[in-house]
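These notes concern the structure reproduced below.
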Amino acid sequence: DTSDKRIALSNNYAGNSWRQAMLESWKKVGDQAVSDGVIAAADAFTTSENQATEQAAQIQNMILQGYDAIVVNAASPTALNGAVKEACDAGITVVSFDGIVTEPCAWRIAVDFQEMGRQQVEYLAGRLPEGGNLLEIRGLAGVFVDDEIHAGIAAGVEEYDKFEIVGAVHGDWAQDVAQKAVAGILPSLPDIQGVVTQGGDGYGAAQAIAAAGRDTPIIVMGNRQDEMKWWAEQRDANGYETLSLSIAPGVSTLALWVAQQVLDGAEVPKDLTVPFLKVTQDTLDEALETTPEGSVANVEYSLEDAKAVIADAN
Amino acid sequence: MNGKFRILLPVISLGVLLAAVFYLQPRAMSYFGLNLLFNLAVPIALATIAQMMIIMVNDIDLSVGTFVSFVACVTATFLNDSPLIGVLILGASILTYAALGALIHLRQLPAIVVTLGMSFVWGGLAVLILPSPGGAAPGWIRTLMTVKPPLVPMAIVASVLIAALTHLLIMRSATGTLLRGVGGNTKAVARSGWEIAKLKAGAYGLAGFFGVLSGVCLVGLTTSADANIALRYTLLSIAGVILGGGEFTGGRVSPVGAVLGALTLALAGSFLSFMRLSPDWQIGAQGAILILVLAVRLIFSRKASGQGGAA
Amino acid sequence: MKPDSPSGSPAPAPLVSLSDVRMQFGAVRALDGVSLTISPGECVGLIGHNGAGKSTAVNVINGGLTPTGGTVGYRLADGSSASGAAGARAAGIRSVFQELSLCPNLTVAENLRIPQHDLKGWGWRRRATRRIAQALDQIFPGHRIEPGMVVGDLTLAERQMVEIATGFAEASAPAKLVILDEPTSSLDASIARQLLDHVRGFCARGGAVIFISHMLGEVFEVATRIDVMKDGRIIDSRPTSGFTQQGLIDAMGHVASQEAVTAVRENAEERIGEEVLATSEGLSARSGEIVGLAGLAGHGQAEALSRFFMSRSGTMRQASRPEVVFVAGDRGRDGVMPLWSILKNLTLTHLPSLTQKSLVDSIAEKTLGADWKARIGIRTGDMNNPILSLSGGNQQKVLFARALASTAPIVVMDDPMRGVDVGTKREAYEMIRREAASGRTFLWYSTETEEVCQCDRVFVYRNGEISAELTGDQINEENILAASFEMQEHAA
Amino acid sequence: MNTLSQSLSTTWRRPWFWAYVASMAAFAATLLLTEGRGGGELLSAAFTFAAFSAIVGIGQMFIITLGPGNVDLSIPATMTLAGTLSLKFMGGDASLILPGLAVALGVGFGAGVFNYLLIRLLRIPPIIATLSASFIYQSIAIWSNRGLRIKPPQALSDFATGATLGIPNVALVGIAIAVLAWFILERSLYGRWISAIGQNMRAARLSGIPVQLMFASTFIGAAVLAGLTGYLLASFSGGAALNMGAEYLLISIAVVVIGGSSIAGGNSNVPGIWGGALLMFLIVSMLNSYGLGAGVRLIMTGVIIITIVAAAAGKEGSR
């Protein structure tokens, strides 16, 4: 019975639509769980800047507030280990997701970011058998996710060696920055056949490429509604085809249920993997329909879904 | 007189905030609670002292945050794997800081631009050292940062030590007085036969030294590093110095105030967590509380100006 | 040691000797072949018009500036000779600069650390406190300065006192020659007297002093020898007894008639009109009136003036026809825009009247500048030169012009004649009189009793309050002094 | 005519000269790689993106001119808030383009007033006042739209991404604002007054300058420019994002100082802003084009900034 247990969400960043959708899913599912009497509280906390130190302090405050479980989307896989360890030592269940932590006492709901990078190249290889030139738009330098996806892309290019990355820029996961960086590097690049991204930069890249008067290459998208809408428009106009993939913001609700399960005494392995959410040419219209304007394609998890994920892993 | 007012403000704001935190969360009123509240403030306090050294000579350092991140990366990698090389790198970075101080004076460069440029340089070096987060804290730092002294938690002991030592260094020693003199009236100090370039190099070198301490402590707490770990320290450290009664020009700084200012800022974040605001407004509330704490200055500056008059 | 021995006995070896020193700042020749020697026991009065090169000479003597031609040599205590800034320090040469050079963020005692390099190690604060307290007690008995006070909290006069005391304070290399560049410019008469007494005693004990002042009376009182500078050259040098006041003025090259110094206070009846201001503190003035603020320095006169000014000028609305204008005395703090040219500094207050559709009419601005350059004789080749290239007194003239160029009916002056030479002062008095006759009101704070005595009405301040209001024949040095010291008795 | 040739011959001594030299060097270095191809493309991109930096940079410059410690750290948040609210208001409706602009400028105005009041009434140092205020603006932006990206009206988007006579429209806006700013700074009473305030605030007050009016109008003006930039940037990039403008915090300061304005206040110049803005874009493009990693790129950016400032200071010093 977990009806008197309190769970907190420690979130390190709220400045993009993905995080906003993530917080919203948490609130929706969490509030429902509280009113159903499954748990006593599901409070969300956000730091003002994307900083590991600030989040570490936030976790320490949660320890003081006596939460029974802390669900973390971490700014850094390692820099929070000190605070996470302190939480574990205080008897608190810590579940990390999306941005996971390496501290062994915590649970990890990981997305295989490397695989996400690799699959992009794989998809392109399917579309362009004779290979071609790729532009890579990376995220924020020095951050775990950026490094992982990049490694996956690099692995993919090694596997499908007809592809060559002719240019790479850091878009800092911000639309305007990505657009600017792409516009700056484009003039010095040969023709581009594909653009591999980390999610959310597709629209900006498309704009920059169009502004430079070049043909639109295959841009791998990141499930943002504006990207998908642009994709649908292009598809209707000229049969444009591509792939979109990203981690669903609703994974926060999975983490919530996993935490609840752990508190309930269930046997939960420390490492869980969630599949990422893929939108293909076939599911595009469906995805567009269910995604609010300006938001991100999403799936939320129920307790049953969570139990299934746990059972699969066991 | 003025000095007393200067120190009163940070003391009171810290006191009030601490009382509010204790009221909201009585559990904080314990050895364990105080340690949790304050241990992450120790590296902030050190970074604030570093910033203060620069503000003391009328400059401002926009690279503190990236520098501390850089040091953290070095600490979690070189200092852990091959201590000698690690120490050499950190030593060289302090020398770099000192050299910048001399360069800024000799070529009459605006410090804010040079440090802005350096913030890119330190950030770039950090990314090169640790392209993705990781590394490990050397055992001795970890031990030092998690030691549990009797009665008073380590965070408090460390803060008191930092405040006392830097107070002796800056406010009492002959060299510290000279450095503050540079901030007060550079021309007069130069006229008296002192080499300003050397003094500025000294002040910057001290800033580098405390920046290194900050980065090392930070890794001791977090157990690992990443290239963006302390970016926020730049603005936090400036706010800490001001909150501690320092001023941007004129060499008016207070080390004790700076440490208290850093603790206050750290506590402000905790206070907000305990308030349980809606996530929409949590970020804004951080701004609001900064405003609130600084607005207290108003009362004191009114008093102080009533005293000093237009003299 | 012997007291002043003018010529008779063989002069002791000189402490410092300059021979044919030249100093060029770009096109400006500040020093043009200066030769002089100063021996122990001498008190040299150095006088000259604004921009004559006095401050430059000081900076050459103390090693702060390396001359572009000629040599400067010092004699050390052991009889050897030296040169350069370090040599000057070792030879015991100390300077008290025209522009204050204390660190306002340090305490009085801590400030001693700046010039005295040996103050370090354990107990340096105690030693510094003792040295500065001793010097202050010795020079200014009865002063109210604590060594632990922060300099920024002191009044201008007190800061000047600290600076002077620093010049004479005990140190590892004892003071042999102290250069005082306009030391009394912000001191009131009684403190200035203490300083003069000290200087005389110091020289009698074998020390040497260079005393720069525009107050000839003071110079006559302390100097054993007077050197007159003009346009970068020493044009006359004689024992004090060889000069008369008028002779000196003539030597400096200003042709100003004697009666110019006589009171401004004439034809008062026709000049003075309606009351134009009355503050709650009791300050009042009528149009065309010249109102003086007197009392010991630092007793609230400057504050009263700036309060009045602030209350009559907005920070939120544009004042195209300002009601009051301000002439600053503390140039660095209250007046000068250091990055700007002389012209821009001069026109600042009047500028709103020189704009068309809020664009500055640069031709009108130039004309105004040229006009005032001629009117008050700003010594510069080009009004586009930076203001800081002017000598102190000339900067002061620019600030004067800034205020008078506007049309404001009330002019507030905070000891505006600080560091202005005799000739210019006379011209300024003349100007004030003329402006008053045309209906302008002046609120004039001065540390010179002579100046205050020219006013139509005088408010004497003590401890931040008005202790007496003197009018007409009541205005004389005796009454002012009395009101400065005793609160109740003289309040008419 | 005389003054023209005079100013030409002293051009190289101007503080902004080195920003342009460095920009051209970066441009040439990039073209070297492509053997001259894509020059026009790069230039047009440079002018487009530099325009955003230049507009916020001009606002920041006026603030910096007010003297040490005066800076606006709320520019990114103001941009975000103005972009978010105005795009939400327009909701893609082309008839609301001008009212939408008014909303954006109004947001800027409000932010400027709020910043100024914090500084004036609570006497909080500008650096911290604007930082704190920026958190509040960010919260309002989150609360009002929860990060949803709403598309700009097509006509507006076409304008923002389009060009007139080969010059990007946003660059034209940026240049017009720069010319206006130059006039204000160099020729107007306002420019003279803020320069005086920057040099010596107390003396400025005692010279009869309406100091607070100047402070208020400068902070408000800068925020209005930030609002305008937010509106343009959001229209340009297809919608406002919560993290848009984050990089303009450093850039707005960097373009001011690289452009040769004295950071100590009182001495500013407008041409340098554009030089600095072009440089900031071209450096990154050059380093990206040469395929340098993020680490090296950051280091080079820093080194170049310092070198330019050192070069400009050397020339100024020898005057």
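Per-chain numbering from 1; labels A, B, C and D assigned in written order.
Everything that follows uses one rule, which is that a residue touches a chain if its C-beta (ideal position, glycine included) is under 8 Å from a C-beta of that chain, and two chains touch if they have at least 3 such contacts.
Just so it is clear, the model here is predicted, and its values are computed rather than measured.
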{"item": "Chain whose average C-alpha position is farthest from chain D's own", "value": "C"}
{"item": "Centre-to-centre distance between chain B and chain A (centres being mean Cα positions), rounded to whole Å", "value": "34"}
{"item": "Separation of mean Cα positions, chain D and chain B [Å, integer]", "value": "29"}
{"item": "Between chain C and chain B, distance of the C-alpha-averaged centres to the nearest whole Å", "value": "43"}
{"item": "Separation of chain A from chain C, taking each centre as the mean of its C-alpha atoms, in whole Å", "value": "71"}
{"item": "Per-residue multi-chain contacts in chain A, two or more chains", "value": "14, 48, 141-142"}
{"item": "Residues of chain C whose C-beta touches two or more other chains", "value": "306"}
{"item": "Residues of chain D touching at least two other chains", "value": "135, 138, 142, 146, 262, 294-295, 298"}
{"item": "Pairs of chains satisfying the touch condition", "value": "A-B, A-D, B-C, B-D, C-D"}
{"item": "Residue ranges of chain A touching chain B (in the complex, touch as defined)", "value": "11, 14, 23, 27, 43-54, 56-58, 60-66, 76-83, 85-86, 140-144, 146-148"}
{"item": "In the complex with chain D, residue positions of chain B that touch it", "value": "103, 107-110, 112-114, 116-128, 131, 235, 238-239, 242, 248-249, 280-288, 290-291, 294-295, 297-298, 301"}
{"item": "Touching residues (chain side chain D, partner chain A) in the complex", "value": "30, 33-34, 37-39, 41-42, 45-46, 48-49, 135, 138, 142, 145-151, 161, 233, 236-239, 241-247, 281-282, 284-285, 288-289, 291, 294-295, 298"}
{"item": "Touching residues on chain A, where the partner in the complex is chain D", "value": "14-17, 19-21, 24, 48, 138, 141-142, 167-170, 172-177, 179-181, 183-189, 203-204, 207-208, 211-213, 224-226, 292-295"}
{"item": "Chain C residues within the chain D interface of the complex", "value": "306, 309-310, 313-319, 322, 324-326, 328, 333-340, 344, 348-349, 351-352, 355, 358-360, 402, 406, 408"}
